[in-house]
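Some structures to go through are shown next.
Here chain A shows up in two complexes: once beside chain B, once beside chain C.
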Partner chain A sequence: MLDPKNPARRWHDMGGDTAGPIPDLETPDENHDFSLWEKRVDALMIIGAAKGYFTVDGLRRVLEDMGEDAFEKMTYYERWIASINQNLIEGGAYTTSDLAEKMAAISARGETYGDASSQS
Partner chain B sequence: MPHDHHDNDHLSPSGHPYRADDDTDLSYWQTMEIAVRELLVEKGITTSAEIAGQIETMDARTPSNGAQVVARAWTDPDFHAALIQDASAATRDMGFDIGPLKLIAVENTDDIHNMIVCTLCSCYPRNLLGLPPDWYKSRAYRSRTVREPRSVLAEFGVTLPESTKVRVHDSTADMRYIVIPKRPQETDNMTQAELAALVTRDSMVGTGLAKTP
Partner chain C sequence: MTHFVRVKPMMPPGHVRTPIYLRGKVGEIERSLGEFPNPEDLAYGQPATAKPLHRVRFTMAEIWGADAENPNDTLDAEIYEHWLEPADAT
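Up next, the complex of A and B:
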């Protein structure tokens, strides 16, 4: 959403906006554990960056270019894997056709994450 | 991964149950995660072991690491001075892997209460506290903390005297903050380990106070 008073300000720059109550505060100081696939996304970010394929700035560029709609509709690690993938393709780690072929093969493996992530 | 159907799979490496979404239908983005991971292994860029190792490293980072830092700062004046001077170096000296981050410790006193936020994204002192809680990444926390910190604090059950100055620190990708909460009263005879048990995650983000014994 464009800020009429400051058109250069982008959607992700949300400091100072008004907003509703802080969510998920039922159990302050408690963390839910992240699911395995989310932890793997986090690990792929650290490793992809450590191997020089992108920087945290590259990660954020793609996240911010996704726009506000993605922020509302996708979960945190969904946005991250989309950005990591984009950065890795740009960095030459693999091609879009590698990805398409691999994703089709994975979808054919099974109905659940557990089934699809086990390679036989 | 060969171990995905192992009997222990209902517990994560950190000993908590996985969130339920592991057993729901495979989503598009989960498919992409598997694809990216397998492609990186096939192309020789990483290995399954390296990915598993990184997950273990992250699981081992919990607020108890930050609590040790705070408890030492409360009891060891030389360390306290070093921490305020250069928190990256002081915590590295304690053996924590801080990476290339610039870490800044901000200290709560009778007059000043510090809070941390990342208005632009989700930057958090993850090397000391582990992954941020969901609320830290929420629109509400990111937007309102710099505008109305006291009403945000009230939602966390924290009410400060009007005379206390509230300082909000906006983190960046390269510069992270950790709050040193105020040491509770009647803790003079406690050991560092006992003190560390009083230091909560939220007290190091500034949305909480250290527990009283």
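Up next, the complex of A and C:
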């Protein structure tokens, strides 16, 4: 959100903002776990950093550049995979063209694991 | 680095680790932490120069002015030296 007192302030730099009322959170589900794809995104961050393609600073930079709209509309790991992907392309792990071909190949398998396994 | 420092009030548009609410504020160096690769370089995949990092202690009165509920409470923040300039003790 634009800070009228300081237009150069970036949206993510929220320290000192008025927090407002604390929302009533639902009781956390003690069995809550991350889904498989979210764990894979987390692993991809660790592997990408270990192989030297980018650092956590690069992850943060792209998350910040994605803007407040992404922060409101995307989940945590949806934002992470978007940032990790951009960092991996910038770092030379693969090209946008490589990614497009791979996404098309995987989409062609079908919507579910069942669809995919029914094909040879 | 002098004991009392002011956080530079710079407003670059890129990735930095210095929060806005501390820019322009005066604190004292609580300890120096050594040199670390500059995250402002790392964020863009550039070779990173090692920069001295300091833990700086601010009073709530300095940060929030008259809004501070407990003016003598303190807040520590770790800030790279290139964001700090000498300040006169007041």
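Note that in this section the second predicted complex is superposed on the first by the 99 of 120 C-alpha atoms of A that agree within 3 Å, B and C clash if a C-alpha of one lies under 4 Å from a C-alpha of the other, contacts with A are read in each partner's own complex, and residues count from 1 in each chain.
Operating definition for what follows: a residue touches a chain if its C-beta (ideal position, glycine included) is under 8 Å from a C-beta of that chain, and two chains touch if they have at least 3 such contacts.
What you see is a predicted model; the values in this text were computed from it and never measured.
Visitor: If we overlay the two complexes on their shared chain A, which of chain B and chain C does A:I106 touch? Say first, second, both or neither.
Guide: First partner only, chain B.
Visitor: So in the superposed three-chain picture, is A:D13 touching just chain B, just chain C, both, or none of them (first/second/both/neither)?
Guide: both
Visitor: Output check: A:P23 vs chain B and chain C. Expected answer is one of first, second, both, neither. What do you get?
Guide: First partner only.
Visitor: In the superposed arrangement, which partner chain does A:L36 touch: chain B (first), chain C (second), both, or neither?
Guide: Touch status of A:L36: first partner only.
Visitor: Tell me the contact category for A:D57 with respect to chain B and chain C: first, second, both or neither.
Guide: both
Visitor: Which of the two partners, first being chain B and second being chain C, lies in contact with A:P4: first, second, both, or neither?
Guide: Neither partner.
Visitor: A:E90 contacts which: chain B (first), chain C (second), both, neither?
Guide: Second partner only.
Visitor: So which one touches more of the residues on chain A, chain B or chain C?
Guide: Touched residues of chain A are more numerous for B.
Visitor: If you lay the two complexes on top of each other, which residues of chain A touch chain B in one and chain C in the other?
Guide: On chain A, the residues that contact chain B in one structure and chain C in the other are 13, 15-16, 57, 60.
Visitor: Would you pull the chain B residues touching chain A in the complex into a rising list?
Guide: Checking each residue of chain B against chain A gives 1-2, 4-5, 9, 12, 14, 16-19, 21-27, 29-40, 43, 45-46, 50-51, 54-55, 58-59, 117, 119-122, 130-131, 133-135, 137-147, 152, 155-157, 170, 173-174, 200-202, 207-208.
Visitor: Write out the stretch or stretches of chain C touching chain A in their complex.
Guide: Residue list for chain C touching chain A: 11, 13-15, 19-21, 39-40, 42-45, 63-64.
Visitor: In their shared complex, at which residues does chain A touch chain B?
Guide: Residue list for chain A touching chain B: 12-25, 28-29, 31-37, 39-44, 46-48, 51, 53, 56-57, 60, 63, 71, 74-78, 81-82, 84-85, 88, 93-94, 98-99, 102-103, 106-107, 110-119.
Visitor: Residue numbers of chain A touching chain C in their complex, please.
Guide: Counting only chain A, the residues touching chain C are 6, 8-10, 13, 15-16, 54-55, 57-58, 60-61, 64, 87, 90-91.
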